[in-house]
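Chain IDs A, B, C, D and E follow the sequence of writing; residue 1 opens each chain.
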C-alpha cells in the first residue's frame, strides 16, 4: 500500500528517465540521507564512527568500484586491495611532496594514479576471460603489494616500511592525522562517497553503463553490434580503479591513519568482493547493504557474548566469528544469489502490489 | 651496460660457475613445483566436474593434514589415523554437497566461487576451534615415509635430495597417472567430464549430480590429504600453509583449468622458473621475494598467447 | 527514418522483382571467399553479391558454412582467402565493431541478447554507435549526454512500436519467451539503422503464427526503410516466399544461386538440401 | 495414421499436473496426457506453451531450474514416478532428449554416446552392440566419432543427442523439438529415424514440436498445448484435417498454403481463446 | 570494577603458534595476582583479551573499543603499535609493547606514551652482533652476516642499526627477506644463504617462519652454532621439531625460564591447580610462557608504582604512564617477586622508555634452551644517537608532533 505506484504517470521520456521515477523511492532516500548527514553524526559514539560508520562508507565505495568492473562490465577482479594501495600510496606521496595541497583534492587526484595502473593491468582482459582473468588480476595483487614493500621511495624511506598519515588541514580544520576528529572525517568521507555514488549511478544508467553491461552479458555479441570491447573494458578498468583508488586513499587517510603494505593484501580484496557479491553484483545500492552486513556483522558478533554474559574466550569468539561469517556467506548466496539488492527489489515488488500476492 | 650485464650475462655465468648449486636450485624448484601441482590437481578435478572454481582446496589441504596429526595426537596409530582422516574428508565432501552445492545448482560460476570462499572461512574457523593455532609437526616417520637424504657430489660440488621430497615426487606421479586413467578410461570419469560440460544434459542421461559431486570432492579430499602430508613433512602443519595454496592458481592458469596434465606440467614449470628467477635475477637485482608474484606474471604472459592455458580446453566461441 | 546506403552504386546493375520493387546495384560482394579452421575447410572459394534493397537468402544443410559466411560479412571471422567488397571497394581487415559502425547489423542463430538488461536497454545498445557524449558529461547526466539519451530513446521507442513490443519494454529479457526474444534481437539490430541487415535463422523455433509475424516485420523493414537483408533460414516456405534471390551452400561450396524458382528446380539443390521438391 | 496393430496399453500417463517456476510463475495449469506403449505421441503448441516444461516435469528435470510440480501426478507403468530422481527414471527406461541438443561439447562424439549408457550395467558387449546400432542409424556419426561434439554441426549434434538417448536402452524417449534449426532434409531424416526406432526397437516417443506439419505426419496421436493447457487432442489424422489446426499450425488457409508475403492482413482469432 | 588492562591477543591466524604461550603467561600472571593478592594494590585487574589474529585492522578496532575505559594499550604487534602510536598522543593512553614495537620509542621525550621495556630490537641486534664478535668488534672485519627477516615492519626494524654497524665495523650485511606468503617455503632464501656462505645468520622471524627456517637450516647443513635468532625466534617447539640437529642454535633473550622460582610455585598453586588457565602442563617451563609472565609483571609493577605515586588504588591511564616511566626493577625487587633470574634488572625514565636491560644468549642443547652467556649489554652510545635521530625524523614526518624535553 505504501508502495503503490499507480497514479504516477510519466508524460515524457525525460521524466521516465529521472533518477527516481517512483515517488516513494525518493522519499525513502531523503530519509536515509537525513540520517546519514544529520541524525547519525549527532548521535553516534566515537566507537560507532570508527568501527561502523566510516568503514562502512569506505568499504561501500571500494565495493562500488569493484562492482563497476565485475558487476557491470563482467570482469572478475581479485586484486581490488592492491589498487586501493595504489590510491593510498599515491595520496601519501602527493601530500608529502606537496604539503600545501588540499587533502580532498589530493585524495581525488590519487585515484588517477590507480586508474592508470588499473588500465595497465586491464590490458590482458582483452584476451583473457573468466577465471583466467580473475587469476591474472592476482598478478596485480601480488606484484603491487611486493612493490609497496620494496620501493622505499613510496614510503619515504621510513625504517618501518609503513606510511603514517601526517596531520592535514583544510580551511583551518584538521581532516587527517591523529588529531582529526571523527566527525570531520566522517563528513569528508560521506561527502566524497555521496558524490561518487551519484556519478556512478549516472554512468551506469547511461551509454557507458549499457556498453559495460553488454560486454558483461555477451562480449562477442557486443562487439558484433558495434561496441569497441577494448574501449569498453579499459574504461571499466579505469573508472573502477579510480574509485577503488579514492577509496584506498580514504581508507588510510580518513580512517586507519597508517598502513603497511600487507594491509593491501588479498584478504582485503576478498572482503570487498564479498561486499559486492553479497550486496548484489550490478547494483549500486547493494554495495551499501553488503558493507553494512560484512563490516557490521563481526562487530556485532564480537559484542554478543559480552552482552549476554556468556563466558567465552575472545579467541573462541573469533573462531566462531570466522565460521559464522563463512556460513552466512553461503547462506545468503543460497537465499538470493543475486544479493541483498535483489532481495530488496523483490520486497519492493511485493510491496507495490501489496496486499495482493501476485 | 652494467645493468645489461647483470641481467643477461652474469646470471648465466653464475649458473655455469656452480653447476652443483644450479642443480640444487632446479631440484628445489622441481619439488615445490610438484607440491603446487598437487594442490592444483584438486582444483582441476572439481573444476572439471562442476565448473566450480574451488577456492577451498588450499584450506582442505591444511584441514586434512591437521586432522591426521590431530588423530595421531589422540593416540591413534598412524595408519589408522590416515583412514580416519579419509573418513573425515568423506564426511566433508558429503556435507559440502548437501549444504552448499545442492542448493546452488545452476547458479553462475562466480556465485559458486564465492560459496567456496565461504567454505574456506568456515573451515578456517572450525579448524582453529578444534585444532588450535599452533604449528604441528607432521607424523612423517610414523607413516613410514623415509626421512633420510641422498647426497651427491656432482662436479665436485654438493647436491642434497631429501628422501621425503623424492617420495612426494613419486607419489605425485602415481596420483596423476591414476587420475588420468580414471578420467579417461572409466565410466565415472566420463560422467565427470560430461557433468563439467552441461549439468542439465548430464542429468537427463541419468548421471546423478549428487553421487558424482560427493565422489569428486572426496577425491579432492584424498588429494588434499596427500598434499598435506607432503607439505607438512617439509614445513610443519599450520594455517599459515594456506597461503601456499595461492601458488596453485598460477599453475592452473598456466596449465589450463581443466587439464590434469596441465596441472603437473604447469606446476613443474612454475616451480622451476620461479626458483631460477628468484635466485639468479630476483635476489641480486630486485631485492628478493619475487616468488610472491613471479608465477602469476609468468602465467599471465603465457595466457596472452594462449588464453586457455597450455593444456586447457580450447574456448569454443561461436555465434 | 532509415536511409539506405547513400554511396554511389554501379549504375548499370539493378533489376525489378516480381512484385515490382526496384533493386539497386551491388552493395556487398564476396569474392572467392575461403575459410579454414585448422584442418577443416568451412567455406571453399565462394563468390556472390548482395544488391541494394533486396532480400537475399542463404540456404544449405547444417554445417554448410552459412553462419560462418555471415560471420565473415560481419567481421567476426577473417576469411583465409578472398575478400569482402563493400560499396565497390575491398574492405580492409577490421574489427567487428568497425564493421558494425559501417552499417552492418545482425541477429544471431542462438539468441545473443544481453540477458541481464531490460528490453529497452537491449534495444538502446543498438544505438550505442550513435552516441558519443564524453564520460564527464555522462557522469553528470548533463548537456550532450542527456540530450542524446532522450533523442535516442525516442528513436528506440519508434522501433519498439514498430515491432509491437511496447508491453515488455521494461522486462528483463531473460524472462521472455523465445519468440519475443527473437523479436527483441531484431529490434536491437534495427536500432542501429543499418544499411544491411543480416538475419541468422530468425524463425527457428517458431510456430507458423509467429513466423507469419516475423515475415511481416522483415518485409516491412525492407519495404519502408529500403534496408538490404541477408537471411539464413531452414523453412523453405519462408525462404521461397520472402527472398528475391537465394544462394545455396553445401559443405562450404556454392551449389546454386538464383531466384527462388530457379533454386527450387535445381537438381543439385534438391539432392543436397531439399530432399523432396518444395 | 494410427497403426491398427499397435497395443493400446498406456505406458506413461500425466494427470492434471500444475507446474510453478520460482514459486510464482504458474506455467502448466493442469495438463493431462497419455502415451501409449509403442506409439509416437506429439505435443504441439506455440512458443512458451509449456511443451518443454511438460517434458521436464515428466523426466524430473525441473528441480535444477527452480521449478516444481505442485499438483497432479505422473504415472509410468502404473507407478508414480514424480519423486524419483532423473537417474532413477532413466534406469526405468524414460529418457529425455533436451531442447537445443545439449551435447557435451568437450567430449568426443563417441564419448557423448557412451555417457548415454551410464546407468546401464549389462556389460561392455551389450553397450558396444548398441553403439553399433546407433552408428547404423546415423552413419554420419561414425565418420565424426573422434571429433569434439562442440565442433560438429547442428544436425550432427541433434543426432548425437538422440543417439545418446538410445544408448540407455529406453522404453520411452521424450524428444524436445528435434527439428529446431535443422535443414528440411535432415528434419525428414531424423523423423524417419524416429519412426524406424519406434518400429524396430519398440521405443515409445513423446515428442514436443513446433513443426506441426512434420510432426503430424509421423505421430500417431497429438495434443495441442496453449498457455499451459491442453486445448485439443486426437489422432494425428484427425488433427491434420481440423480447420483450426490447419490455419494456425499448418499455415494453410481454405485455398491451400498461404504465402508468407500475404500475411500482412488481419488474422482471425483462435476460437478457443476467446 | 577494577583496573581494565585489555590485551590484544592473537590466538588465531598464522602467528597464533607464538601468541598462545605468551598470552597464556601474561594472563596467568594477572590471574595469580587476582587470586593471591586480590589484584594489584587490592584492586583486581581485568585482563580480558581482544582477539586480533595479528591483523592490524582488528587491532585498531580493539583499540577503539577499549580506549574509553582501559588504562593501557598492549597492541602486540609492531604493525598495530605503529598504527595506534599517533592516536595515543591524543587519547592519552600509554602503549606497553614489551620487547617489540618501534625501537626509537625509547626516546620518551618524543614518544611520551609508548613503552617498550626491557629491551628494544636494536638492543637485541647489537647484542647478537657483539656475541658473534666475541666482545671484540674488530674481529668482524671482512665477515659476512646474513640477516634473514620477515619482510614486514617488524622484520625491518633492526636494519638501520645493522647497516650502521656493518659500515662501522667492516662486515658485509646480506639482508634476506622472507615474504609473509613465503614463510613456510623458504628454499629460495636458504639457497641464497648457501650461495652467499655467510659466517653467521641472524634471524628476525615470527610465527611459522621460524620453524621453517630452522628446518631449512638443518637441511642446508648450515652450522647451527653460527645461527642466531631474535627473542621471538627461540620458541621451544620450533627447535624440538629438529631435536638433536638443532644443537647449537642460539637465540637472544631478555627472559630466562626459571622452573624452580617462587613465582612458578605460586602460579602452579593459584592458577594451574585451580584450573583457571588455558595453559598446558608442557608449556609451563618454556621460554615463551615464562616471558609472558615477565611482561605482565612489568605492567603490574607499573600499576604499583602509579598507585604509590598517586596514593589511589584506582588509577587512570595518565597515572599508569607515570608508573611505566618510573619502573625500577632491581634484583631485590625480582627476589621479592620470586622472579630471580627471569629478567635482568632495569629501570625506565623519561629519556629512557626502554630500560635497556640487556639480555642473555640461550642455546639449544638438543632438548631444551640453556643459558649460554653472561648478561650482554648493547652499547647505548651507539643506539641512543641512532634512536634520537630516528625519533626526530619521525616527529618531523608527522609534524605537528608533540615533543617534550626530558629532565631525567
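To be clear about the criterion, contacts are C-beta pairs under 8 Å (C-beta built on N, C-alpha and C of every residue); 3 or more make two chains touch, one makes a residue touch a chain.
Source: prediction; values computed, not measured.
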| item | value |
| --- | --- |
| Co-neighbours of subunit B and subunit A - touch as defined | C, E |
| Between the pairs B-C and B-E, the one where more C-beta pairs touch | B-E |
| Between subunit E and subunit A, distance of the C-alpha-averaged centres to the nearest whole Å | 38 |
| Centre-of-Cα separation between subunit E and subunit D, whole angstrom | 76 |
| Chain centre separation in whole Å, for subunit C relative to subunit A (CA means) | 42 |
| Touching two or more other chains - residues of subunit E | 11-12, 151, 179-181 |
| Per-residue overlap in subunit B, given as positions that touch at least 2 other chains | 128, 246, 287, 289, 292, 319 |
| Shared-contact residues (touching 2 or more other chains) in subunit A | 142, 146, 149, 220-221, 224, 318-319, 322 |
| Chain-chain contacts as defined at top | A-B, A-C, A-E, B-C, B-D, B-E, C-D |
| Subunit E residues within the subunit B interface of the complex | 11-14, 16-17, 19-20, 151, 176-185, 187-189, 191-192, 194-195, 207-208, 211-212, 215, 219-221, 237-238, 241 |
| Subunit C residues within the subunit D interface of the complex | 19, 37, 40, 59-63, 109-110, 177-180, 201, 204-213, 215-216, 219-220, 234-238, 241-242, 272-276, 278 |
| In the complex, subunit C residues that touch subunit B | 67, 71, 76, 108-110, 112 |
| Parts of subunit B lying in touch with subunit D, wherever the complex brings them together | 105-106, 187, 190-191, 193-194, 196-208, 210, 258, 313, 316 |
| Interfacial residue positions of subunit B with respect to subunit E in the complex | 18, 21, 24-25, 28, 31-32, 128, 132-135, 137, 149, 160, 162, 231, 234-236, 238-241, 243-244, 246, 275, 278-279, 282-283, 287-289, 291-292 |
